[in-house]
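Two complexes come next, and they have one chain in common, chain A, joined by chain B in the first and chain C in the second.
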Partner chain A sequence: MADLNLRRVSKRFGDVTAVAEIDLEIAHREFVVIVGPSGCGKSTLLRVIAGLEELTTGEIHVGGEPVHRTPPAKRGIAMVFQNYALYPHKTVAGNMGFALRMAKVPGPEIERRVIEAARILQIEDLLERKPRQLSGGQRQRVAIGRAIVREPKVVLFDEPLSNLDAALRVDMRVELARLHGSIDATMVYVTHDQTEAMTMADKIVVLREGRIEQVGSPMTIYHHPANVFVAGFIGSPRMNLLPGTVRATADGAVTVDVAGGLRITVPAEATGIAAGDPVTLGVRPEDLAIGPDPQGTAFDLDVYVIEPLGGETILYGQIGGQIEERIEEHDAGRLEDRAGGARTLVVKTQGGATVRNRQRVPVRVVPEVCHLFDRAGVALPRPAGAGDVTPPETEAEEPERMQGEKLR
Partner chain B sequence: MLAPIFFFLAFFYGYPTLSNLYNSFTDLSLLGLKRGGEFIGLRNYVELLSSRDFYRVFWNTLFWLTAVSVVLRLVLGLALALLLNSMTLRRWRLATVSRLLLLVPWATPPIVAVVVWRWLLDGRQGFVNGALQGLGLIDRPIAFLANVDVVWPSIVTIIVWNTLPLVTLTFLAGLQSVPPELEEAAEMDGAGAVQRFFHVTLPHLMPTVVVMALLLVFWTFNNFVYVWLATGAGPGLFTNVLATEIYIKGFIDFELGYSSSVGMVMAALMAVLGLVYFRFVALREFREIL
Partner chain C sequence: MSRDANQAVATPEGNPDPQPVSIRRNPLTTAVILAATFVVWTFLVFPAVWIFVGSFKTNETMFSATAFTFTLENYATIFRVGFGRFIFNSLFICLVAVVISTFVSVIASYVFSRKRFRRKRLLFGAVILGQLFPWIILVTPLFIMFARIGLLNSHAGMIFSYVAISIPFSVYLLVGYLETVPRELDEAAVMDGCSQFRIIWTIIFPVMLPGIVATATYAFLLMWTEFLFALAFLTRTSLKTMPLGLAQFFGEQSIDWGAIMAASAVTTLPALVLFLPLQTKLSAGLTAGSVKG
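Right after this comes the complex of A and B.
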């Protein structure tokens, strides 16, 4: 059993705290993805686990054994680096067998294990080549091969796909998922790409400023984000966050008035809030639909940008008036800065939608898929199973952070 | 467009070379420049190659002046670069200071360097003798630049002192371009400091070492200044090298023809080195550019 436990792990560089009191339990053979925006400390956390950075406080246990004072090579942990870090003057076989050579494993045994790993990664015919003769994807495979040939208990990945082009990234994502099934190792994977997180992880850890915002399965994170940050970070296009005011609370339901004249009753636990409190209503672009609503929870959207992606179309619009101003802003390239602003709404519809630019369309909101966040940004608990029928959205796009909140 | 420059260069390179080649087949004397030399065929070369003195000059140039000083500079340069690149020095905040200090010998012109060293190594009032005697390491002063046992090590010391900074700085630049994640990958793979040096650092530095070695050989092999200023090829002709031999034969013995033939031998040896350089270094650079 090679579970990985972090207990109150902190890393400080001088006055800067990169990782703050992280507690994390990772089960044997689990695939854990650590996500967060740039500078959230995710790479530092990985390097602390690897032993390349000494932790400031806390403990790290692999398979129940404390390893935080053990040299990196003796922790039973291997690491795949972002830019591969292959030894340029060694052949592929030399690269993959280096750790075994350092561990004084006999030659024939090294050869057997290198060939075995190469077979798993389908790089058997590259073993005699030098890294510079390989493509990016092949180098990545060699780097992974070098990590797994040692038969480590834990494999760490530091944004391993970020240097590959989009198509290759998708292929390697599938490869890694397959690899995870075929070797007996726990995997910890760091990325800023939420698509990689959603598609590969058994468990996602969302990190911000060195602290864990939420830990959970991809579906939990998607359907039950713990706070506004997680809600905005996971999902693409990012969740619409609209300021509102609590109108009334009932048992398991909160009625909210949202900018644009919409009144909506959302199923949520009304713990700690009362009528008149400011709240944030979150609704994912894919949970909105074009068309009138017989029950009346709909509002008018003035569309000002349409992004047809083929299979789906993304509409950017504004709840109610001032369409002219928005277009000017978009032309000036400032749209991104304001997207997510109080009255801006993003809707994802099917590809065949016949909406035209500058058109006013009715947008339907289903209360069951809405999220509510209190003044501090903490989610009001949703009833179990809320929204779970919606398939997760996995479009690769870097979401921006909380711009709308600042602009409000 | 390049034609005028080409002809210009061809003239100023070609004419002296050809003139020197012709002179090497004559008995031209510095005292008879107007009369000109008489064509004597290969007699200068025969005399040169059959002279025992010449082999000593040859050995001095190849072994002492070039091989010893180049190897020493490569080894010391690498060691010093590793030291300067070490975390310890950085932790003590000495990195900048030590790098500035390193530049002092390099900023010293060779002539000044040799003159200063001649004072330091002086057999009567020299600082080195004073210091060694003060420490009780030697009983009587050593004439460093006149004693055949120590004269070559002394000259090599001057050369190394004066030109080591360039080597060190070049290696230091090479060391700083070693990707840190390569070191880290090796650390994760279980390589200790020594193994990391041989498996990561040295291979990364190897191209720099090769180029540096070739350049040092070029610069040292035909160097005249250090030997001439330090010992004047003495004591006697004990430290005579090819470059000083040319000067002595031409301008002290007035045998310009013979001196020219020494020059041609030297040029031929340099041409071989040039070929090596071109084959291993320049060609690769060309390929990278094209």
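Right after this comes the complex of A and C.
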């Protein structure tokens, strides 16, 4: 068994706290993805687990054994580096077998394990080549091979796909998922790419400023983000976050007034909030639909940018007027935080949508899929079962897309 | 036909030649550059050629532009008076000194490049400072020191001083080179179970070999032609190095030009043999090192 436990792990560099009191339990053979923006401490956390950085406080256990005072090579942990870090003067076989030679494994055994790992990664033909004779994707495979040939209990990946082009990245993502199924190791994967996180993880850890914001399965993180940060970080395009004011609270329901004069009653526990409090209403672009709503919960959206992606179309619009100004800002690239923009709304629709630029369209909101966050950005708990409701079209589409990504 | 026409339009000068048009220099500029190169080349190469040819001439025809009498007598002379011993002394001192200096410099540069420790900048500055002293200043203190500890007239003393003078610039060059070697290589080696010493010698050393070769060659050539320390610290003939041996042929009464030519040729030869095959690595190594210092 190779479960990995972090207990109150901290890492400080001088006055800077890179990782703060992380508690994390990772089960045997689990694929855990640590995500977060640049500088959130995710790579440092990985390096602390690997032993490349000494932890300041806390404990790390692998398979029940404390390893935080053990040298890196003796922790049963292997690591795949972002820039591969292959030894340029050694052949592929030499690179892969190096750790085993250091561990004084007998020659024939090294050869057997190198060939076995090469077979799993489909690099058998490359064993006699030098790294400089390999393409980026091949180098990445060798780097992974070097990690798994040691038969480690835990494999750490530090943004392993970020140096690859987009097409290769998708392929390698699938390869890694396949690899995870075929070897007996726990995997911890660091990335800032939330697509990688969503598609590969059994469990996602969202990190910000050295602290864990939320831990959960991809679907939990997606459907029940613990706070505004997680809500905005996971999901593409990002969740629409609209400022609003609480109008009334009832048992398991909160009525909110948001921009554009919309009043919406969202199922949520009104703990700690009262009428008049500021809140943030979160609704994912894919949970919005074009068309009038019989119950009247709809925005009037002035569309200013249309991004047709083929299978789907992304609309950027504004609740209310001032269209010209927004177009200019969007073109100038100033709308980076458009999900945070008070009156901007992003809508993801089917590819066949016939909306034209500068058109005013009604956008339907289903209260059951809306998220509410209090003044501090913490999500208001939803009544049991409420959060799992998704609009009919996305409910059918979502699991299928997820599966498709994994199988491709 | 139409493709040719298209390409003719595409070339900036309207040149119908389908070959891509390269940037051409003004013919005059080319001529000036060639002439300048030729002048420099003449001053650099002519003396070497003149010495080489002269070493096979008899003393009678030595300074004649037309007459040439081939002889090996000059080489016979220098080896008869013990020049072979000087060659051995030089080779021994320089090779041992280069090996020691390189060994120390590789480890020192690794520490300077990779380790965090207090007063690192100060210490590195102190190492570099060693490069700034004119050697002549060092002769007297070193002489007194060597006299007291019995290192005058010894190979060990020469090796010691050559190691000392070559370490500062070797460390400087190698630290610059190491900055271009990604740290992840070290970390991968740590994960693979290498000891600190092993990382340096099995991973970093091969990777930075071009830089090491460049640095070691430079150090070797510096020691090979060193005259001042050798003159001060070596008085016993059997211990003398080649530059001193060469100087011996400038007698007070007469100068044996033939012997000087032959000795000069012999002195140049190892440097050439060592330098030419490494030329490309040398320039690559020095450039890579110069990116960051």
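As a working rule, the second predicted complex is superposed on the first by the 375 of 408 C-alpha atoms of A that agree within 3 Å, B and C clash if a C-alpha of one lies under 4 Å from a C-alpha of the other, contacts with A are read in each partner's own complex, and residues count from 1 in each chain.
The rule is simple: a residue touches a chain if its C-beta (ideal position, glycine included) is under 8 Å from a C-beta of that chain, and two chains touch if they have at least 3 such contacts.
Here the structure is a predicted model, which is why all the values come from computation and not from measurement.
With chain A as the common reference, chain B cannot sit beside chain C without a clash.
In the superposed model, A:87 lies in contact with both chain B and chain C. Applying the stated contact rule after C-alpha superposition, one finds that A:79 touches each of chain B and chain C.
Of the residues of chain A, those at positions 50-52, 71-74, 77-79, 81-83, 85-89, 98-99, 102-103, 146 touch chain B in one of the two structures and chain C in the other.
The part of chain C that touches chain A in the complex is made up of residues 182, 184-185, 187-194, 198, 203, 206-207, 209. Against chain C, in their complex, chain A makes its touches with residues 50-52, 71-74, 77-79, 81-89, 98-99, 102-103, 146. Here chain A touches chain B in the complex through residues 50-52, 71-74, 77-79, 81-83, 85-90, 98-99, 102-103, 146, 150, going by the rule given at the top.
The touching residues of chain B, when paired with chain A in their complex, are 179, 181-182, 184-191, 195, 199-200, 203-204, 206.
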